[in-house]
Amino acid sequence: MARHETTPAAPTSVIHDIGYQRYEGTRLGRAHAVRALYASSLRSAFGLGRSAKAKFLPFGILGLLSLIGAVFALVRQLTGEGGGPTYYLGIPSNVGLLLIIFLAVVAPEMVSRDLGNKTLPLYFSRPIRRSDYALAKLAALITAVFAVLAAPLVIMFLGAALQSGIGLDGLWDEWREFSLGVFNAAFYAVLLSALSLLVACATGRRAFAAGGIVAVFLVSTPVASAGMEIGTGNARDLAGLASPFSLLGGVQEWVFDEGIEVGHFGPLYGLVALLLVAGCAGLFIQRYRKVTA
Amino acid sequence: MTTVELTNASRWYGNVVAVNDVTMTIGPGVTGLLGPNGAGKTTLLHMMAGFLAPSRGTVQLDGQPTWRNPDVYRELGLVTEKENVHGFLTAWEFVLASARLHRLADPIAAARRALDHVELGDAQHRRIETYSKGMRQRARVAAALVHDPAVLLLDEPFNGMDPRQRLHMMELLHGMAGDGRTILFSSHILEEVERLSGTVQVVVAGRLAASGDYRKIRQLMTTRPHVFAIRSSDDRKLASALMAEVSVAGVELDAKGMTVRASDYGTFSRALPVLARKEGIRLVQVLPSDESLESVFSYLVAAP
Amino acid sequence: MSTIRILNPTIMGITTRGLLGRKRALLLIPLPLLLIGLAVLGRLSGSDAGVWGEGVLIGLGMSVVLPLTALIVGTSALGSEIDDGTIVHILTKPLPRREIILAKLAVAFGITVPVAAIPLGIAGVIAGSTRLGLGLAAGAVVGGLAYAAIFVALSLVTRRPVAFGLIYLLVWESLLAGVLSGTKQFSVQQYSLTIADRIAANDLVQSTVSLPVAIVMSAVLTVGGTFLAIDRLRSFSLKGESA
């Protein structure tokens, strides 16, 4: 409260305005906001900034995958076998179940929470656009999945590179295989993230989103394998389109020559994968356009 | 006659004590459970309704503990604060289901009565999710009293109601209390409690700060001076005479009259008429101006 | 009047309407259609059922459609009312808690059967023989009952029954049971398979758990889950000030 003082010793009388002050400093703008959203989503994917329980699963899976990578590297060191194209390329499909669990936990954490707590109006009454929000979340999930897939690859590469007697040629070969593996991991990250986020943004309850993501994978996988068993020839080659993992396996076969059997349909797999990513991302962005309170 | 009795009831969650050694008896009529947010009102109501076990002490309805005792619901009705209804049901279906679950002999008639009682007869065949907040509230009250309970517990029933709905609900509760029922409602809005009930239970930080008629509570608050607004035929003369009184702590004059702060209610109320007569001053108005629930409440909440 | 004492029709009605009357119910349609559709496709393709039968009937049907359906339905039967608070209306009634739980279980089981067990039976008939279909259906019925009890109990024991149910299904039944044979003794899926195997006597269905173990454990889980749920419901607590 303002007080008016006049004592003989005091030189001046003044009333201080300590009420609401306007912010006059710099405002950072949309790009900064989007980057901040991306960073905070990525952090929340790994539970940073939350309780220990939230860190358990993502870091646990990261740890498990790193362990798997280390085991592969060790086995290769000890037996001298392994390496070659399948060494790195095979990782994502082998750790499929862990990836599904990771996605089922992290994707809802990213989008279902905001939906369930009805905090979206808070985001959208700020400089960022609807598409910015969606793309930032997508980018964050892709980064998270990619990090989780890349960790074992890096460990395996280091294990191979640090072998004695590998020589410069061997190192270069190893680096090539590793890079291909990293690209492959990126494909997996992009497709699986887009799909998972689309499923997750359908509900504000994390448990249902998780269940939905799991259901999509759990149901599509046997369908694809059944298709492969039932069909013959072309039908058989096409059956892999039915499930995300086999679709990616087909893409892998087309791009890297090392995946599942797809006959002539490699480019088709690539096209379907691209369309799927675009479609999921598009629907995901679309979902936020019609957000009400 | 049905009474709810709490004896040394406490409830804690780890380190947080929500209800701290509360002993009270709620009898027939309307009682207001008053307290700031977080004081423990909802915890108390949930304990009385059998949805929380007391960590210590007992919570009983007519001598029967309410915890793990479904039979208690024959005589008990609860209206929670949170709006929770099966939105896809109509009010009629909802109240009828309630009546059926109570195993009433004639559920249809009971449901009809209950809905008429809360005046939802017109809208009863629309789905609850299409209702306004006040109508949903009334549907829940109807479901809670379809079995004619002797005890009705309501948690912040007037939250978010407009004045007309509030009046209507108050009449409803008054009527039920008049039939001899025990009604306990919680609130942190003083005007409601003041208007509806004489008896209050004031809960502050989990403890029972005061109980009884709030006017009597005021009189019990001896450390605080009582304030009177007085108008007379000669204010200034009366004022100077009053300052000489032992029971008077202060006098203030303004255009409207005078405000007297009395440190001793009893002595002052006896001394005033005597003094006025002696001075030949006519008293036009003597009003205890802080005998409102608000002053009682702020005193109780602020007390160390 | 005595049937009301065991299964409460009002509660069953509200639960069913709550489960099926929403968009969530649509999730239950594609799975059985997929199952039957694939079986039909397989039959039409002319290839021997031995090739694709296991993938469709066991891989999709028993391992995915049955547990997922039971999970969705079992956790929602009671869980959705706990989540949105409407369970207060059911509890503030002088009903024995046993009656409430049994009604919920009946609905959960009653929906799982036509959505999972019967389509599985039909797919079995299409893929192989009537006997195979009957065996699968019977196994799914027993499994569905056990799952229902487990998931209803889970919704009272934890606030995230779907998450824990998923962990049980994914980690325990799928991952570990494939790796550690010891865990198979404690897997509802295995019990369903055992019963189906015994009745169907078909090579498509393989089981590792013995029949007595399967029957006893299914019974134990069903009864145990029910009793646990009843007890937890008796001690159901609402939190205090604004949750």
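A, B and C label the chains in the order they appear, each numbered from 1.
Everything below uses one rule, namely that a residue touches a chain if its C-beta (ideal position, glycine included) is under 8 Å from a C-beta of that chain, and two chains touch if they have at least 3 such contacts.
Note that this is a predicted model, so its numbers are computed, not measured.
With every chain reduced to the mean of its CA atoms, the largest distance from chain A is reached by B. Of all the chains shown, the one with its CA centroid nearest the global CA centroid is C. For this pair, chain B with chain C, the centres built from the Cα atoms lie 48 Å apart. For this pair, chain A with chain B, the centres built from the Cα atoms lie 54 Å apart. Centre-to-centre separation between chain A and chain C, using Cα means, comes to 32 Å.
Note for the complex: chain B touches chain C at residues 11, 13, 18, 37-38, 40-43, 46, 49, 51-53, 68, 70-74, 76-78, 80-82, 84-86, 88-89, 94, 97-98, 100-103, 143-144.
Residue ranges on chain A touching chain C, taken from their complex, read 97, 100-101, 104, 205-208, 210-212, 214-215, 218-219, 221-223, 225-227, 229-232, 235.
Remark: chain C residues 27, 30-31, 34, 38, 41-42, 45, 47, 51-52, 55-56, 59-60, 63-65, 68, 71-72, 75, 83, 160-163, 166, 170-171, 174-175 touch chain A in the complex. Looking at the complex, you find that chain C touches chain B at residues 8, 10-11, 13-14, 17-18, 21-22, 84-86, 88-97, 234-243.
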